[in-house]
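Read through the structures below before going on.
Below are two complexes that have chain A in common, paired first with chain B and then with chain C.
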Partner chain A sequence: MAEQDFSLNLDDLRPRPAEKKRFSEYFMPRRHSFIIFHPDRCTGCGACEMICSTRNTEKVAPVSASVKVVRDEKEGKNFSILCQHCRKPLCLPACPTRAIEKGDDGIVRIDKLFCTECGLCTMACPAAAPIKDPGSQEIHKCDLCEGDPLCVKQCPENALTFTRGKAVRWIKGLRWTSQLMSFLLLVMVFIGTFCYFRTGNVNFACPTGTLQNIASSGTIVLVGVSSALALLILTVLAGRLFCGWVCPFGFVLDVVDKITPKKIGWPSFLKSRMTKYGVLAGAVGGSYALGFQVFCTVCPIGTLCRAYGVQSFFRSAELAIVPALASLEIGERRSWCRYFCPVGAVLGLTALLRMIKIVIGAKRCKKFSCIQCAEVCPVGIIDADKLREGLSPKIPMTECIMCMRCIDRCPYDAAKIRFRWQKATPGEVRI
Partner chain B sequence: MKNRKDKIAEAKRASGADSCVECGRCVAACPMAEMYENFSIEMSPRGIIKKTLVGDPVVEDRNIWYCTECNAGTDTCPQGVSCRDLIRKLREAAVDENILGNAKTCKCCGRAFVAIPVEDFVFARLKDEPPNVFGVLDICPPCRREIYLLRNA
Partner chain C sequence: MNLLGPFYNMKIGVVDLSASSAKVIPLDQEQVSSYLGGAAMNGAILAGYETDTLVFGTGPLTGSFAPASSLMIASFVSPMFKRLCHVPLMLRTGPDMKFSGVDYLAVKGTAPEQSVLHVNHGKVRILPAGNLAHLSVPEAIIELKKVSSPFQSVILTGPAAERGSPYASLSISTNGSLDKTGLAFLMAAKNLKGIMLGGTDGLSFNTDNPDQGKELEKIISTDKNFKRKGFYSVLKNLEGGKDAAKSLKADRKKDMACYHCPSPCMTHVRYSWRDPRNKETPNSEEGLLLLDHTGCIALAKKVGKNILPILRACLHCGLDPVAIAEMLPQGQTLPDYLNAVDKIVSDNPPCTTGLSQRQCLFGGGIPSIVTGDLMEKRVALAMLLGICPIFLLRFPQITDAALLSFISTREEDLKHLQESLSSAIASLLSAQFS
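== the complex of A and B ==
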């Protein structure tokens, strides 16, 4: 007879609630309330601690508060450490008695009935936000006063604000509109416009195509170069705005990405962002050797732009490159743009002269508790590991396609566009 | 400098261990039963109290380092024995005698802040998280808050 296990575990007594996703969440993420702390306004007076402690005990005793004001007298810096109600709280799995639960409203609560005040949640929290009361030995943690925080009302300098985040993510709508409009314009209205477009004295040309043209023909046509400069100047002024907002193939990729939300990932040897510069060099060199624009015949942007309307069989066969490259989307988002696109490579090289940058962590970033920017980034250049460590990631603007999804998504307004010469993040403090 | 005997006597007095009736309520409430596979009389609060009272060598015993210093046993004891205080005093005695192998010291301030078996448990529970999280968790909570201040303010 097989030996039976009669022991009861916590899972049998109090099973964890299954993670449910509401139907509406597939279209619109839930907006939870949260407290934003502004370090530059805080004077370190400790009013938040005092009012918070009256909720935990009968008296005013800052040590038994759920918020801790840390002061650096030398630098004159103050910071009040609050529970940030992480999206994936580390304290939750660490609790041995399973007293911590994340509610439907996004508030992480400690159930006093089950809490044994062991302090393991403080051990697991990267900001050490749950605080052990030295008197009563209880653990105090912010529960946002169940949606009406006292500390926010009491702060004399308005360093704490209570918000629900953005209601409308307008950049998203603007970008999709821009992408759709440019797709229709470039592909259907002005056929073949991306590669070369001319009305009167106005010329626009694809910079990669122009490079190949120069290589294949061996002659530099000033009109061609100057028309190619238009896109490069846009890139210098505003980063690779073209890739995120205009590129018709990028639009196709974004649509395909919406259809295939599950990603299988690529092996690491494929994932070199330098590959696209290699493709560019190969395209230019090949054009020089063979005497025609090698890459332009298979360029997905070009084939899309040239394909519409009544075409020969050969032209239509060219179009097969579009679904072939769009299928790369099943591995990673914008795989083609990340690793292979030579148009992006030219723009990336131009972006070395950029005037603007995107910064994340302008003091207000909640780092490990959120990490939504790294999730939404289509080219995956936001370092989630840095954010988890509590550092501001540096964004390589040569890779950034300026889709501004991070800026749109950040509930704390920590992701921003800044000029290149502006100092926007506090100095990196290593342990 | 007090010797070990005095320290243990002090621990017994501070925690009221002499009045233990070995009812076992602290063992029933102890979260260590959920935390460790090898939970036994060797590391249970009742076992530690008994060892202390009988006079076994507890200070160099690894079993005193499994406790999380929670309030569960202290709250539930009918005799008012505080197993938390007893463990704390025994650990203090061990640290005083430089038996440091079981205590984790902070990378920044060098203070012993958590017992290694307890931290192992936390890390085992967080094993699905990316490994660089643990670099932050190596630091004691007050230092963590200081670093948080320096990085963000």
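== the complex of A and C ==
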């Protein structure tokens, strides 16, 4: 009989808690507590280090503090080294004894009982926030004084502020309301109005449909062109706001995304954002060759909007295109919008003339320790690697659907909307 | 009961540079009880050694939760004024000295070769520093950082002091200091380039009520001076300060504070300039920490808007701006002024800084925020307890009792401490230790 192995490994002793999203978190985000450092206010007096060290060591010893003020004498700038209690802390997997844990309250703590003072967490943390005491060799790391940070209270210049994160994300609420209302209006009430709508002297037409119409008929009708301008002007003024806030198929995709949060990903050869311009060219070329608006027959937006009421909605066979394209959502969020949508392509080209832009990386941005903006971006245009390097990523506005999730999610208010001609502002926080 | 026990390491480092020996001995408790600390204690220690001895010391509140507890005091017999002087050294030098495990440091003799002292973990080491000879202050600090002994603070003499310039001034890191009475000259004469303070230990103090400092801060927060922060605000209230402030135009200003100071009186300025003597050099952005009010006023009177590049030149060479202002001619161009500063460093022309015997008691660099006896008493109080004198001058509502309550809140203890403080202030001002 084979000998049984009764030895225990680390997984038996200290199993990693499962990363599970609570049901309530789909509606109310989990509060992310942390301390914001304002370098412009800090005078470098070290009051934070003093008080923190008394909590850590019961004596005043600034080098034993969990917060460190780094003074750049030449530049005249002060920086703080302070744990940001990252959502996905790098120190946590780096710890060989699993002494670091992230509690339900979001606070990352070191369990002194298991800490061997190896210092691997210090090396893993991009901000070097776990600080090794040069005297006792202990590792000190901010635990937010269990929710009531002393350093924040002691700072005479209010250079440290404690936040529990955003409780309500009002942009999220507004966007969902707008998407739902648009869906109901375009699909259920004003049926078929997205493709072409006319009341009195006011005309509205889908710009992609208009392009195909011109190609298929071989004539340019001024009324048709001008009616397509409404959406294009909106795009010039506010970027691809239509895609993020109005598009009924975008709403369907966002709902499907909520149902299928886990993504399988697409092979890299499929992931070309230029494909949608190819689809657009194909749609226009096909319309020219065949003499009818080729893409409009399978357009998911148009199909939804032409479903003629609740009854027909379920009967119409052409609606099969909607679940078929929505199933792309299992690969990546808004896969259709990213790679294939010709309407998005037209709006993307128009967005070259946009008046606004989104900037990420104002002075407050903690970049590497947060990266929430990159995680929530549905079209994946925020470069997480750039953030990890401590640099401000450039947002390609031709791809941005202006959903403003990045602005809504950023706990540091570092993502902003700016006019195109405004200086990019983002003062780099170099550590 | 030793009230001051938690406020000191109760250690004094004694360095004999001639014998290349350094030892740490216990501090005399009785002496501490009677003099409290700071300048008075420095004087008492100095009395036990040769006249060329240098004593660096801290006050009981240095490094504690008392506001602006940043002070280290250097005491010595000034080679220029032939009398006892106490120079305040701010920023983080005082706390870092204490956190290095030593409260006082007596340096006697002359080293056979240029040396630096490294203080940490309650030990003092003498390290050779021949490689720092003739380097400017920033260059010397870069070299020091390459040494395996880490440090939190450093005080350093510049090339001017090495050349025997009597108007050399000590530099705390690259920022200069309020030394105008020959401390740097004396250090250079001892072949002592600087002192590195490790600051990696700590001290317990009375940490029962860490909010005590915050409570005191609330009292002064109603004062109009509290909101007028930064170098420029203090400067404008001094005689000739408004004109100096106008001359000190910079591209960017940021107020900076010493250790645990709630109302900063220093400002870091950034300005762009190009050395006009060398047309090939490109424009560069320079940064300076302004902390010497009297130096800036004196220099601004002479050189006007050229002050920042000249101040930078002074700080790089470790020169006292007040003395340099005395020697520079008026109405010259910037290249002439810069050449003149270089010539002063190499030629050492004779000069008087115009300091009176009274002024030089406390280093001659403390700005006259208040006048008369009050000024002397407040500065003496600061120099005894280890609090920044500029802070105490700016906020006269901070009483002796409020500061002593950081040591003990018991009434009888306070009474005893008050008596000791009064006698120490009196003896300090009468300079009976000289």
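Throughout what follows, the second predicted complex is superposed on the first by the 381 of 431 C-alpha atoms of A that agree within 3 Å, B and C clash if a C-alpha of one lies under 4 Å from a C-alpha of the other, contacts with A are read in each partner's own complex, and residues count from 1 in each chain.
In this text, a residue touches a chain if its C-beta (ideal position, glycine included) is under 8 Å from a C-beta of that chain, and two chains touch if they have at least 3 such contacts.
All values derive from a computational prediction rather than experimental measurement.
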{"item": "Chain B versus chain C as contact partner of A:Thr116, first or second or both or neither", "value": "first"}
{"item": "Which superposed partner A:Lys77 touches (first chain B, second chain C, both, neither)", "value": "both"}
{"item": "Contacts of A:Leu391 with chain B and chain C, given as first, second, both or neither", "value": "first"}
{"item": "First (chain B), second (chain C), both or neither touched by A:Ser178", "value": "neither"}
{"item": "Which of chain B and chain C A:Pro93 touches, first, second, both or neither", "value": "first"}
{"item": "Touching partner for A:Lys153 - first (chain B), second (chain C), both, neither", "value": "second"}
{"item": "Chain B versus chain C as contact partner of A:Ala127, first or second or both or neither", "value": "first"}
{"item": "Which superposed partner A:Glu58 touches (first chain B, second chain C, both, neither)", "value": "second"}
{"item": "Chain B versus chain C as contact partner of A:Ala47, first or second or both or neither", "value": "second"}
{"item": "Residues of chain A touched, compared between chain B and chain C (which is higher)", "value": "B"}
{"item": "Interface residues of chain A shared between complexes with chain B and chain C", "value": "75, 77"}
{"item": "Sites on chain A touched by chain B in the complex", "value": "9-10, 39, 42, 68, 70-72, 75, 77-79, 81, 90, 93-94, 96-97, 116-120, 122-128, 137-138, 363, 365, 367-368, 384-385, 388-391, 426, 428-429, 431"}
{"item": "Contacting residues of chain C [partner chain A, same complex]", "value": "63-65, 92, 95, 99, 121, 150, 152, 173-175, 199-205, 207, 210-211, 213-214, 217, 252, 254-264, 268-270, 287, 289"}
{"item": "Residues on chain A engaged by chain C in the complex (per definition of touch)", "value": "40, 43-47, 50-51, 53-54, 57-64, 73-77, 134-135, 150, 153-154, 156"}
{"item": "Residues of chain B defined as touching chain A within the complex", "value": "29, 31-32, 34-35, 68-72, 84, 107-108, 114, 118-119, 121-122, 125-126, 128-130, 132-133, 135-137, 139, 141-142, 144-153"}
